[in-house]
Amino acid sequence: MKPSLSRLRDALKNVAVPKRRRDRTFKDFGSNPDTTRIVIAEAISSRGGEVAARNRAAVVAANYLMLEQEGQHRFFTILAEDFGVDRPTVDSLIKELRDSEDRGAVERKLRTALEAERELLFRRFLSVESGLAFVVGLRADLLAFNDPALADLDDELRRLLDRWFDAGLLTLSQINWDSPASLLEKLVEYEAVHAVTSWGDLKNRLRSDRRLFAFQHPGLPNDLLIFVEVALVSGLANSVDDLLNTSAPIIDSDQTDTAIFYSISNCQDGLAGVRLGDFLIKKVVTELSREQPSLKTFATLSPIPGFRRWLEEKLEQPNFFDLEEETKSALHTALKNPKWGAETQVVSQLREALPKLGAHYLLLAKRGSRASDPVANFHLSNGARIERIVFGANQQDVAQDRALGMMVNYRYEISKIEDRHDAYVHDGIIDAHNDILALLPQSSEART
Amino acid sequence: MKPSLSRLRDALKNVAVPKRRRDRTFKDFGSNPDTTRIVIAEAISSRGGEVAARNRAAVVAANYLMLEQEGQHRFFTILAEDFGVDRPTVDSLIKELRDSEDRGAVERKLRTALEAERELLFRRFLSVESGLAFVVGLRADLLAFNDPALADLDDELRRLLDRWFDAGLLTLSQINWDSPASLLEKLVEYEAVHAVTSWGDLKNRLRSDRRLFAFQHPGLPNDLLIFVEVALVSGLANSVDDLLNTSAPIIDSDQTDTAIFYSISNCQDGLAGVRLGDFLIKKVVTELSREQPSLKTFATLSPIPGFRRWLEEKLEQPNFFDLEEETKSALHTALKNPKWGAETQVVSQLREALPKLGAHYLLLAKRGSRASDPVANFHLSNGARIERIVFGANQQDVAQDRALGMMVNYRYEISKIEDRHDAYVHDGIIDAHNDILALLPQSSEART
Amino acid sequence: MKPSLSRLRDALKNVAVPKRRRDRTFKDFGSNPDTTRIVIAEAISSRGGEVAARNRAAVVAANYLMLEQEGQHRFFTILAEDFGVDRPTVDSLIKELRDSEDRGAVERKLRTALEAERELLFRRFLSVESGLAFVVGLRADLLAFNDPALADLDDELRRLLDRWFDAGLLTLSQINWDSPASLLEKLVEYEAVHAVTSWGDLKNRLRSDRRLFAFQHPGLPNDLLIFVEVALVSGLANSVDDLLNTSAPIIDSDQTDTAIFYSISNCQDGLAGVRLGDFLIKKVVTELSREQPSLKTFATLSPIPGFRRWLEEKLEQPNFFDLEEETKSALHTALKNPKWGAETQVVSQLREALPKLGAHYLLLAKRGSRASDPVANFHLSNGARIERIVFGANQQDVAQDRALGMMVNYRYEISKIEDRHDAYVHDGIIDAHNDILALLPQSSEART
Amino acid sequence: MKPSLSRLRDALKNVAVPKRRRDRTFKDFGSNPDTTRIVIAEAISSRGGEVAARNRAAVVAANYLMLEQEGQHRFFTILAEDFGVDRPTVDSLIKELRDSEDRGAVERKLRTALEAERELLFRRFLSVESGLAFVVGLRADLLAFNDPALADLDDELRRLLDRWFDAGLLTLSQINWDSPASLLEKLVEYEAVHAVTSWGDLKNRLRSDRRLFAFQHPGLPNDLLIFVEVALVSGLANSVDDLLNTSAPIIDSDQTDTAIFYSISNCQDGLAGVRLGDFLIKKVVTELSREQPSLKTFATLSPIPGFRRWLEEKLEQPNFFDLEEETKSALHTALKNPKWGAETQVVSQLREALPKLGAHYLLLAKRGSRASDPVANFHLSNGARIERIVFGANQQDVAQDRALGMMVNYRYEISKIEDRHDAYVHDGIIDAHNDILALLPQSSEART
């Protein structure tokens, strides 16, 4: 993903702190633990009433935004160590629970007591200007440390963000060429699958047979949470290069029958773990069905990010797949030489071999009962099925590509989503087109 | 307040349930406990994925909206009895807590276990169309039963609404005569202090020397949460009748020095207990100071809702205040005869006596360490002080008035709000103008 | 129509003149002809450039707005007498025209020379704040004098307004209950056919089976030019009272087949003679056909404003229509007694007689080749036909009604509008339903 | 300027003609004079009423949009020859004028008779979708032919556009980075002075110490008419390169005292001759003064487009300016070699000589009583004065530059604009800073 951390800091430095409060910065905040602790404690105290307390939380925010990484880590550590759960109260309530006549009331108290003191601070940050963006940025900072000692804090922030960014509170926006340039600029920055190479490229993705839908939060009107790029085409698309080709002819919408979701990007590191993607895809399917009734098929054209690593490991094993030497050699060439596409013999070898290997990887390589590939796991969890494996779908950055140019269509069929979700999530059953099952070795029983 | 319950139901009946789902109603939902329990359980289960679960929650919502009061009560009772906290898990986690090496992790689990199952349903209701309004309406329904057996449910709903309606997520809107008629119509309905008698009356409250500010939630764009009506005047206003007089001359804003907050109304029964009022007043003070720098004084003109009842009780006590017989008789007259304003002798007796009694009531009648009068307690908690007691401020509905026409100015001074808040909340100290203190019996020491 | 004159003045007094220019008012402007002439001449001169000249025009506007009727009349008279066409130049160009080799060039010069000097002032008024409203108000003032000596001025203003308010520059707006209260208030004021009696009445006219469309000009965003009120019903409506009845049940739009245009009101006196009505009706027919395909019939329910006067005249003639004495007597009663609806005998007499008389009036009473009734002439010119005459369609204000409660449905059929327009406008042929033709005396040949 | 002609055609092909009317195209329209004449005549006739006539005008528009240049020219020629002024009527009215008692009435008729028939068609084009854009595009097409035989048509179109685009009907918009990308894209296309090289360059021109104001017409909401780019700086800017430098530090607005108008671009060829520029500059001066009171100086940084040609002519004359041979040689070098900036001797010669020559050109080279340079004439007509001549202000495209890198500051002082306008326009007096007058030869009397 993208460095939302520094970006958000830049943005917030300008907006978050009202000018008159700029002088209430503490030079040794973040470096001197005592100062840091006192300033935080002030913002958590209820002295002067809630409005006053929120003003003090704004002072904490302003000081936080001046910190470099080291200071941030100290800030988080102090929060983690000194402003946690009030354990004596928890213990005494647990005792009370045993003998209580109104157990519900004590449970409620216990639940409140299990909220760390610092959560009050996080909630008060909402009243900072752009407060919601500040808290999202704060969690992005926290996650960047990847520090197990901060796991409690992360859980608390995720819990709050989960409430504030509930899918029911978000709005589905359609982005087009009349959208503000500042928003489109963010979109370019956030695009994580197929990088936008120019404003011409971007404009092409917003033309009349393309759609771009995003989730936005009304409290962050000038930002995006997650977006999906869709091409309306006739028949399943063979290649993402075709989709991104700026000179491809525009298709009259009424003649399209298939919507290809060719790029899905999360925009906010700070919202990791907050569910957005499955809601977005299903809302867009509904919206497109309504807008363009000629559309019958909804499918992605997705990367297989884990394939190369899996293949490299497997190739070191003896007797891997009983591959012929010629094929093995072609695979080694392709893995080493990004320009293997020019070698016709290699290409002809791989055209047959790669889809089989891909099918094996997607259906049989598991982590527990789930598909090992993260993109596969995401779409299968959402109730999609594996519809097609496309050799050479991504020629452009084939070298860097983690699947030697191969991509997958995952298909969403509204009426079957629930059953497929359940079969996959509860029983690890992966649904796939017969053509793909046919690629698997006879012995395997992928579907059971 | 107002019957938001039935109003919301009317509104939601039209919007909440997509047409195609109207047939998924269960005739005995609400009357047959088994049906009710099964339909709820379905919506709480995660079968088919989160999006599918939320569709089932929409079915619950649609069925709920068909219920009469009795059915609603049964629905709530089933939720309360059958979808609560998973106590065996709670108990086992409590055991685990004792010996745990990573107590934080167990505490997090315990906290999650203390969430009732039904909370998942409440959160899923957000994805219903107008979902936020539905949940607010649901809590309004719940509160209307005033049933102690539903206290847990109420606590859970309030907790969720408290997060979703955090003051930091609300927008301050200025309502004026260019606002949508549909919004103004709601305002008329919600006005709880001085009823709007006509569209002319309303227009007068929106003229150039009046202001009307409201908190709105971006998820409820066509509704109001709380609003305050302000008059910009020169000097403290003497009478609310003058403020509402449609033929009063309009004052050039630059010549005003005082903002009188003459009406504050909460709009949503379902948000009882969610703090909005203190945030609104202070935001409006800030906003008005910025917009109109000539304003120096910010004060309310407020009712004294508890005065009449207190006075009636006191009058039955012997030797009450050492009042002279003439005064007592005048008080009895006034309490009985709504038209006492026409009897000059009574008026002249009360003009002297009422402010003294009012001062006594406001400053010395306590509930614990707090002022007994609820409006006084609200403003004093917010850090205001008692600035003036105005005899005859409300002539119009003097009969119904619970303070024999007397009203109070509570004054907000930004620089003193925090200290006054603390003094009142922690030590029960009420700040008041010297003129008011002078009205108290010599012996009393109101301020200590 | 309505007193847009004084209303616009009130509005413009507040907005038109920037504060800093308020002191540039001339006390004897309007009363002293010399001052008036000089101030106008300044604004017409090009001294200092066009921007400077427009600032001086704003001074004229500011001074004009202070004038009472007498001063206004003097202002217009001075404009008419002293700032007209430059006749010597016209005469010399006419001479030049005869011998010119490039006649086109001289014609262009002549055309410019035929523009009165004062037109420059009218155009410069556009740069006043709310300039377009000012010019419309100015013409309304002018028309109010009904002074033949001002006919040239009126022609010039109408010509300019005709360009600025070309139907192609207007926007069709749908007004509903979410529209600004200030706009709805204007609508109430402008309604010229069926007065709005309350905000409840208004809300009823905006309910889901009603439509209200207006033409607006982007330069006058908070005002209306003309509007039409439409009821979606099943079958032709029998009575305007039914349409305005607030307790009438709401019809599901999909079950409606007929759109009744029951009220059309021009809003701006100053736009008299600028064509708006025919464009509005046809745009609304197109818009409604698109929005609600179940609609098959588009018709008005219109008053017959000239009927009573015609009837009264005719009744004084001997042997009028060979009416029986009983009928004549009933007619006299009805004309005298507004409550004739209570007299069953009168009603039964008129139920038969009135439609016949109405048909006679509408089809045979002519002014030149046109229908004498102005509303009939308007709709027939637009290509409508007379579909039905409805006895007792307007019970409510039957007394004041100029057609003894009778109303007419004019029907608009898109495919026949052009032919009907031509037949009526060029040959005076009125198209009507056979049922109506059957009401005419045998000898008459209405359609030839 | 830019090829708005073809651009508008492209845009209009998509929008102007409703689909259902696409089949009403005539294959030989534009090529067959008879067809062309008949289709036009139909649209000018009033058959079927005004709405019907406008529908036929839409057919003409649709057919016109299919034409190539040759067909367009034939279309215009037919309009010019066959749909002009009704001369017999004009002649008979001229006769009538002599003996008329009500000369005003006849003048009005004559004026109407002098309107060519085709004007009705132009006005009816307004009702085409995007009608205003269509007419502007039509005139752009017409002007491109530069055909004297079409002068009457051009005059009529300009006259109409002058009314519809009166400065009082336009809105001043501030364009920024939150504006729609589609609008910014147009801006890039229209920029005629300093070409926008990238979206980064564009974003830099919209940063916090830059302003971009445009005139828009409410009937063309997604297009621009004219815009000006402004830099807020401290002191007069020395170089346009500095202003466009994307790495130049941003200045806090409160520390700026000077607004430099460094680029003004007309956007619509079809509006040639319609005054927009002077209104824009003065509105922007007013707007900026209000927004940023620290601004004291308003000046342009303008090119001198006619300088090179003038210099080249002069250099061929003997004894030109008594220039020393060294200087002459340096000038010849600079005119030939775009990279003369690298030759220090040439630079040092020209640093002294060029400003003198520039002053001479600007103040003494006249066309009649006006400055010969068109940009100088524009700003001097607007009431600006020549404040400074800046050597080397435009290094970047010094080769192409028509003034050897030299630019001029024209200064706008509100209080002196009117007098300077009058002195220049009526008496040919050019106001300039004393430093510039000092550059002139002693004998010249520039200011008289």
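We call the chains A, B, C and D, going by the order they appear; numbering starts again at 1 in every chain.
In this section, contacts are C-beta pairs under 8 Å (C-beta built on N, C-alpha and C of every residue); 3 or more make two chains touch, one makes a residue touch a chain.
Since we're looking at a predicted model, the values are computed, not measured.
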Excluding chain B, groups that stay connected where the other chains sit: one piece
Inter-centroid spacing, chain C versus chain A (mean Cα positions, whole Å): 60
Geometric centre distance via CA averages, chain D-chain C, whole Å: 40
Centre-to-centre distance between chain C and chain B (centres being mean Cα positions), rounded to whole Å: 50
Overall pattern in which the protein chains touch one another (line/ring/star/complete/other): ring
Pairs of chains, among all present, that meet the touch criterion: A-B, A-D, B-C, C-D
Residues of chain D that touch chain C when the two form their complex: 47-52, 54, 84-85, 87, 90, 94, 97, 103-105, 107-108, 110-111, 114-115, 123-128, 131-132, 151-152, 155, 160, 163-164, 166-169, 218-219, 275, 278-279, 282, 381-383, 417-419, 421-422, 425
Chain C residues within the chain B interface of the complex: 177-185, 199, 203, 222
